[in-house]
Amino acid sequence: MSSVLRHSAKFTTSGFFSLLSGNCSHGRTFASPYFVSKNRYSSSPKIKVDLDSNNGVALMQFQSPPVNSLSLDFLTEFAISLEKLELDRSCKGVIITSAQPKVFSAGLDILEMFQKSPEHCAEFWKAVQEMWLKLYGSNKVTIAAINGSSPAGGCLLAMCCDYRIMADNPRYSIGLNETQLGIVAPFWFKDTMANTVGHRETEKGLQLGLLYSATEALKIGLVDQLVPEDQVLSTATETMTKWLAIPDHARQISKSMMRKPTIDRLLANKEPDIKQFVNFITKDSIQKSIGMYLEMLKRRKS
Amino acid sequence: MSSVLRHSAKFTTSGFFSLLSGNCSHGRTFASPYFVSKNRYSSSPKIKVDLDSNNGVALMQFQSPPVNSLSLDFLTEFAISLEKLELDRSCKGVIITSAQPKVFSAGLDILEMFQKSPEHCAEFWKAVQEMWLKLYGSNKVTIAAINGSSPAGGCLLAMCCDYRIMADNPRYSIGLNETQLGIVAPFWFKDTMANTVGHRETEKGLQLGLLYSATEALKIGLVDQLVPEDQVLSTATETMTKWLAIPDHARQISKSMMRKPTIDRLLANKEPDIKQFVNFITKDSIQKSIGMYLEMLKRRKS
Amino acid sequence: MSSVLRHSAKFTTSGFFSLLSGNCSHGRTFASPYFVSKNRYSSSPKIKVDLDSNNGVALMQFQSPPVNSLSLDFLTEFAISLEKLELDRSCKGVIITSAQPKVFSAGLDILEMFQKSPEHCAEFWKAVQEMWLKLYGSNKVTIAAINGSSPAGGCLLAMCCDYRIMADNPRYSIGLNETQLGIVAPFWFKDTMANTVGHRETEKGLQLGLLYSATEALKIGLVDQLVPEDQVLSTATETMTKWLAIPDHARQISKSMMRKPTIDRLLANKEPDIKQFVNFITKDSIQKSIGMYLEMLKRRKS
């Protein structure tokens, strides 16, 4: 089975666009009464990681303005941070959230695919694979505190977690909307969604590139819980406490048993998947389409 | 895995019977304001195909009295019509509906399996396979406008589409009710249902040969939407407009990614599946059972 | 893929515990107006089997105080009883229920895994496999009349049936809660749950070792119907009548078509699955953990 990002000449305005061009005027502040004993884990600019030594819970905050796009740098930093936590036995669980207003993550950074060498594209795609392999295969308890919109790769990040709490805000949406942009989610995005919401909803959602409102996302099981926006992080922390009460070794094996077949499918196809992506994305017609799309974004911004 | 039509000595009266013997006194008329610029595609008697050159939407109306049974002729005509549309780049989507009152399609024509040569039975079964392969694997957007009951093969036709709109009429039902007739849906019917409503509902539905009311069908996800009977076709047309707004190439690849494994399973087993069907259906005991069933139908009609 | 019972040093108090230590003071009596013509099938102490020659329905009542633990003796008796019914053409369906108050079955008997020889452990695990293979693969209509709590192996028993009716009692719960005890459900427990409630709910339920209340179990599809406690058995009998109205041969083939792939997975891995279990359970650390757990149970009882 093969599926990489592909294109169509036609573009529609989508949630993706509105995110990129969104007026991000009011920030959000994270009070952190939950992390009394802080051990600053990383001072890198794109992701802030705080591991609370009291409870073993790490908070990963995406702080890459304006919309936490998954650039090569972001993905590399994410993989390194998660790997560190994975190897740290004092870390029991990871909460992923955004420090940017109104957006969890806008997904893959399209600039990494525009006018780049095949080598760069391959490196980028490998980083996307690694992010997924590390997060979907993590032994830690992972909880997504979805405090903003979460299209495409942002939705994938959320789906990789063990539990998803989303802000009950009608302006936020989540979904694998690649099709709306004329591209196609690769097979492991599809597998992750099917494991979350089932075959039929995935078939419909991927074909239409659906962005679900928070309410719709809850209804189909794409997220597990909606809470008022200012309670997303505290609810994630409370939920984490419940998950950490479970015998850890048994929980890890159960998680692995559920996810291993899906992970093995990409592991067995990493190189062909990269090749396919590079062949596709470096095509003249695709590059032209991406260029037109970026032009459109620029015009809207100005 | 093997599964073909099989039998049991016991027959129960079922929705299937009531369809065949139904009093089809009042017809239904299809006003067609939606197809201003008509290009009559086929003048064949069993299926009326109109391709609207304005929007690229083809309307396939089943008009094979009394109940749009899927005879060899019907299936052949259906496959040819769909193949023509598939190859026609001006056609973007296909709406399937019935021009017969109260029934979408009653499913496979049992007469094609009664007192026929093994060669005929093989030809018939191949036609059933081709219908499924073409419709489930279609690159076009396919929408079922289910304006009547839709048991067995009729339900399969509907499940092959990308979206299902059903008349909100408590007298209409839909489901793979083969078991009620003492026969068994083949594995690819089963796969199609499991892809639509999941494993558990399929297990229960196939074992009991359940015919779901429109309301129940919506609840389990066998259909996507219920509308008043006189709005089925207009809703299908409106829905089609939304689907056609999606970049076509990306949508096609997404659809194929979801359905290819299921399609490949039959492609790898076409001949064994035909052999198994023929071996089974030509057995004396089965022929006798079918004969008794047809006798019962006759008596009920008179 | 590998998964056997595994452990964690940490134990939490769980539903399992409360069951084992439960004050089972008031019994439940089974009036049996439904079994007029009784043919006492087995007089064994742990399971009472009554086959009603009038309708071909066998009632299997678990009567192994205090909580119908699945000991080697119980499992052996269960397999023999079911095998007898399976070979008895006059038997059409089997209703499984409990004669003990407040519990359907508490699951695998932990004493069979404590301070036992590798040979004994292997024998025990083989018996668990056989129970599952026979019940999940049964040709008869099987209905679980869940008149009490049903954790772990008890939940598995229920999930193996074709239909599940549970007492609408907020004090009863059901689920594969192995993780709560620091152990892990094997892959075929997991497959059975995924076939019943889907991938996502299984992933969450297994990781957390969730015990669902009757209401929750209905909502996620873990059981099919809730009725007042005194109507569980009568509803099971009425439901059985509907299932027995379906042509039997066709129903059997449909059932087999749905379950065969799952059954084949264990059949292909019986020996490795046993070896893995024995290797694990006979480890000193595991034996120590089980010992501590049993000590805790003793202290709570006294």
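Lettered A, B and C in written order, each chain numbered from 1.
We adopt the following convention: a residue touches a chain if its C-beta (ideal position, glycine included) is under 8 Å from a C-beta of that chain, and two chains touch if they have at least 3 such contacts.
Remember, it's a predicted structure, so these values are computed and weren't measured experimentally.
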**Message:** What's the rotation angle, in degrees and to the nearest 5, for a C-alpha fit of chain A onto chain B?
**Reply:** 120
**Request:** Specify, for the interface formed by the sequence copies chain B and chain C, whether it is same or different in terms of residue numbers shared by both sides, with half as the dividing line.
**Result:** different
**Prompt:** What is the distance in Å between the mean C-alpha positions of chain B and chain C?
**Reply:** 39
**Asked** Where does chain A touch two or more other chains at once, residue-wise?
**Response** 198
**Prompt:** Which part of chain B faces chain C closely enough to touch in the complex?
**Reply:** 1, 3, 6-12, 178-185, 187, 190, 198-200, 202-204, 206-209
**Item:** List of chain B residues in touch with chain A within their complex
**Value:** 162-163, 194-198, 221, 224, 242-243, 245-251, 253-255, 257-261
